[in-house]
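Report on one structure; see the data block that follows.
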Amino acid sequence: MIYHLMVNEKVKETPTVFSIYFDWDVDILPGQFVMVWVPGFSEVPMTVASVKDKKCITVKVYGKTTEKLSQIEKGDLLYIRGPYGKPFTFNNGEKLLIGGGSGMASLRTLIDEKSTGIIASKTGDELLFKDEFLPGRAICVTEDGSSGIKGLATEGIKAVDLKKFDAIYVCGPEMMMKSIFEILKDTDLNVEFSFERSMKCGIGLCDSCSIDGLQVCKDGPTFNMNQVRAMYEFGRTKLLSSGKRIYMK
Amino acid sequence: MIYHLMVNEKVKETPTVFSIYFDWDVDILPGQFVMVWVPGFSEVPMTVASVKDKKCITVKVYGKTTEKLSQIEKGDLLYIRGPYGKPFTFNNGEKLLIGGGSGMASLRTLIDEKSTGIIASKTGDELLFKDEFLPGRAICVTEDGSSGIKGLATEGIKAVDLKKFDAIYVCGPEMMMKSIFEILKDTDLNVEFSFERSMKCGIGLCDSCSIDGLQVCKDGPTFNMNQVRAMYEFGRTKLLSSGKRIYMK
Amino acid sequence: MSKLEIKAGGIKLDHPVMLASGILDENGYTMKKILEEGAAAAVTKSIGAEERNGYISPVVVEGEGYIINAMGLPNPGIELYEEEIRIAKKSKKPVIGSIFAADPDGFLNLAEKMVDYGVDGIELNLSCPHVKGFGTEVGSDPVLVKEIVKTLKGSIDKPVWSKLSPNVTDIVEIGQAASESDALVLINTVRAMAIDIYARKPVLTNVYGGMSGSSIKSVGIRLVYEIKKELDMEIIGVGGIQNGNDAIEYIMAGASAVQVGTAAWKYGRGVFKSIMDQIAQFMEENHIRGIDEIIGVAVQ
Amino acid sequence: MSKLEIKAGGIKLDHPVMLASGILDENGYTMKKILEEGAAAAVTKSIGAEERNGYISPVVVEGEGYIINAMGLPNPGIELYEEEIRIAKKSKKPVIGSIFAADPDGFLNLAEKMVDYGVDGIELNLSCPHVKGFGTEVGSDPVLVKEIVKTLKGSIDKPVWSKLSPNVTDIVEIGQAASESDALVLINTVRAMAIDIYARKPVLTNVYGGMSGSSIKSVGIRLVYEIKKELDMEIIGVGGIQNGNDAIEYIMAGASAVQVGTAAWKYGRGVFKSIMDQIAQFMEENHIRGIDEIIGVAVQ
């Protein structure tokens, strides 16, 4: 079933990232995603980046489909399947959100007055949603040092006292998440990750997104520390679109 | 969807009529029917003749299928689709039930302490359900005069004061119902008929049971006086199993 | 205002939604009622040369989203069918006579009678999936199909539609063979069956039957699209249509009009009018002025 | 206690419910997990000679009671597939290698590699409905099918199953051609498609796809029954199986075992065990001592 949803608003978030707002009368939980079809191009998974009355997706332009999506206008239709996937376990206490690149889009729905963000990107103008945190709660990390701490997301972690967080949520490129996992795996912190793997069906049918026998689209995209600890493939090996197994790094 | 229902009891009602009792946890209203499949034979429509906790069908042996059905034993399975059809409008007041032959089976669920029956059959031992009425409330009519009034069902009508009934229900061979219709059509009595026409699908698909554009299996089998008054085909013409139109009498 | 009228396969229709063959059309009075209550046209049950009772019950299996039927082409024989046509035609709307036979002469004889009786067009049933010697056995032989259509088109001056079966390896080959028809009607039922695991027997007395209803819609869309793309013929779409969106999907795949069968059981006789209304609403909302504008637009 | 074990198509199974090809079996770890969680065996995704990415998304359409897919046979190519088989085989359960090619030599080359990798049997995909040059195009040509099966049976000492398409006019002809196989696998998906009426475009990038899920069960039952009746071959039933009753219906129609695909999506990986349990319960209640006792009992 494809929903045809009217676009209400398009907001530019960074030079390469924009949000598309639309009305959709369904219940969506933080961390769930939708499959967005751009007719004539392809269909791409996108986390729902606002789950209140106003729904939205936040898109980074990578290739042809997201490029085409960036041209959408108010009044146009969005073609959407979903919502799909297992949501984050929402925690009412102190939260640390660690987002790399467009990964911050998946974490946006967790932002509240008790959230602290570690927002990592290549350059300063790509930092996503840093203004949505309360003042002083957004720690920026850039590879080129143009804003905040210079370095990778792992540098940001050093700037916080991990023990004070009731829950930690991580989303970003798999190798970034792997580095963070390595730092956190021997603690008893309450951590959840949101994974991205090549998705085709989005519903747990085709196996293209799977990791250690679990389907990221259905068993995930969110996984908790215990699940990730048990994974062999995480940060190590994955299948390409053809099913060809490659080893990372 | 075929239901597989265990037979609890078989009761002989007359030399050629028997009832099969079974448990079935569905709501059925008086006048509704089921399609009973006898594997290896055929599938036949049967009114549900008891709609309380214990469900039952009351079967007159006509041909091969009902003959085979008569051999069913306690513990065997009944293969049933349904319930189907529009029920009678139940009336809480004084009721007159006019049943010809096995037509009485369709009326049985209307029998209560305020019901009077006109039970018509060829011979006295074929009178159906006469003992289910309160004493004095069953008027028997037989063609051979072996019990009660001698004659056809229409003779029975002369024995009652029609005006005292809040509702009249009629079921039997079409020509019998036609005779009764002729007697009642110019009154303003509250009358409902239950029709029988050759049925195949039982669900309003094949048109084999239709009368004046209505499907007996779906728009009926019960029809009220106003509906019947508007019918041209009633008692006049019908289609055989092939769809061949014949004119009655 | 969007215009719903359409000339489909040579027949002028008030709107694109008609009654399919074999559902609620054995009795002339039923067809008349359905036409009066909203169908743009009615196709009769398939009529043959001789009287047939059809198969012994059970003749239908009810599933979720589908019906399997094996009626067995019950019909009174062409000689006695005049009265039903006459009754149905009192509605003043188009009635299309569906016929089945084993060879060109058989079809011709039936078609001539139907035309005498006053039908507005002929539908050749080349596709019943469960009666030996007729239907698919005829309709899957391209040489025979070609001959039948040629014979009829040479002799009858009413539109001739060919109703094809989805149960073939190559629909384009059959469509090509029937390409002289005024329209192809796609699709008849999909061959199927059901077993009762307690009785350990097929449910249908005839064992095999034809599946209709929403379960076959995507198969019908595929065949309509394939024919439109490869042969660009006029098409009447049928199979699993339940609402206006389904009808429009068929139209965008290439159909000029649609037929509805199983949904008339599921939703009642009112379904013709409600599908028509839903089509009108979609057209209105999407600024489509006429059906013509969207026939086959999805074909790429 | 009823015995659920069955030797089907030359392969010993703990019970008759296995994973169908192409669903949740691209990654060896997924197959391993599904086998550990209850499937009696797993059939791999269909593997060809060369790496293929498959089609661009959308590759699936979700309907009520069905899925239409056009994955486009994505696969890493046979050379790189050894690792997945090795991973799946850690479960110690049978793994059947599904392969697709355009000719006998192509199939033979793939089968030999699969056997080297340790599979317990080979399934020939003669029936993918949406990839040109493979699948149905091969599987609807009886001469070619016969040659392929003959070639493999002469060279491979593991069981060879032939998976056939429902999209043919005459399944018996194709079944006959494949009759040297150790089993026929029936059915692959039914060719279908969907159009989005707002986009005015086919939803699948490939336009055409294959329908699976409960909507096609009655079509599968029909083909299994037809083959059992006409050819009395060993059959693996697949298509729309969701629960124990569906599985038993296939078995009574003639299948020795069954495969489940779409229901593993709909109900999750646990579906294999629950179908198995439901079969066991039905057997218990109906005093059936072994699967053998009911294979094809409904065929008359």
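Structural remarks
For clarity, chains are labelled A, B, C and D in written order, and residue numbers in each chain start from 1.
Criterion: a contact is a pair of C-beta atoms (placed from the backbone, for glycine too) under 8 Å apart; a residue touches a chain by one contact, two chains touch by 3 or more.
Because the structure is a prediction, the values reported are computed rather than measured.
In terms of the stated touch criterion, chain B and chain C have no partners in common.
Across the assembly, the mean Cα position most removed from that of chain A is the one of B. Mean C-alpha positions place chain C and chain D at a centre distance of 33 Å.
Chain A and chain C have Cα centroids separated by 50 Å.
Centre-to-centre separation between chain A and chain D, using Cα means, comes to 36 Å. Of all residues in chain D, those touching 2 or more other chains are 63, 198, 201, listed in ascending order. Arrangement of the chains shown, judged by which pairs touch: a linear chain-to-chain path with two open ends.
Contacting chain pairs (ordered by label): A-D, B-C, C-D. Within the complex, the chain D residues that touch chain C are 61, 63-66, 68, 136, 140, 167-169, 190-195, 197-198, 200-202, 207-208, 211, 214-216, 218-219, 221-222, 225-226, 245, 248-249, 252-253, 282, 286, 294, 297-298, 300.
Listed in rising order, the residues of chain A touching chain D in the complex are 1-2, 4, 35, 37, 39-40, 42-44, 77, 79, 81, 200-208, 210-215, 232-233, 239-245. Residues 22-27, 29-30, 32-34, 45, 51-54, 56-60, 62-63, 67, 69, 71, 74-77, 80, 83-84, 196, 198-199, 201, 203, 205, 262, 265, 268 of chain C are the ones that touch chain B when the two sit in their complex.
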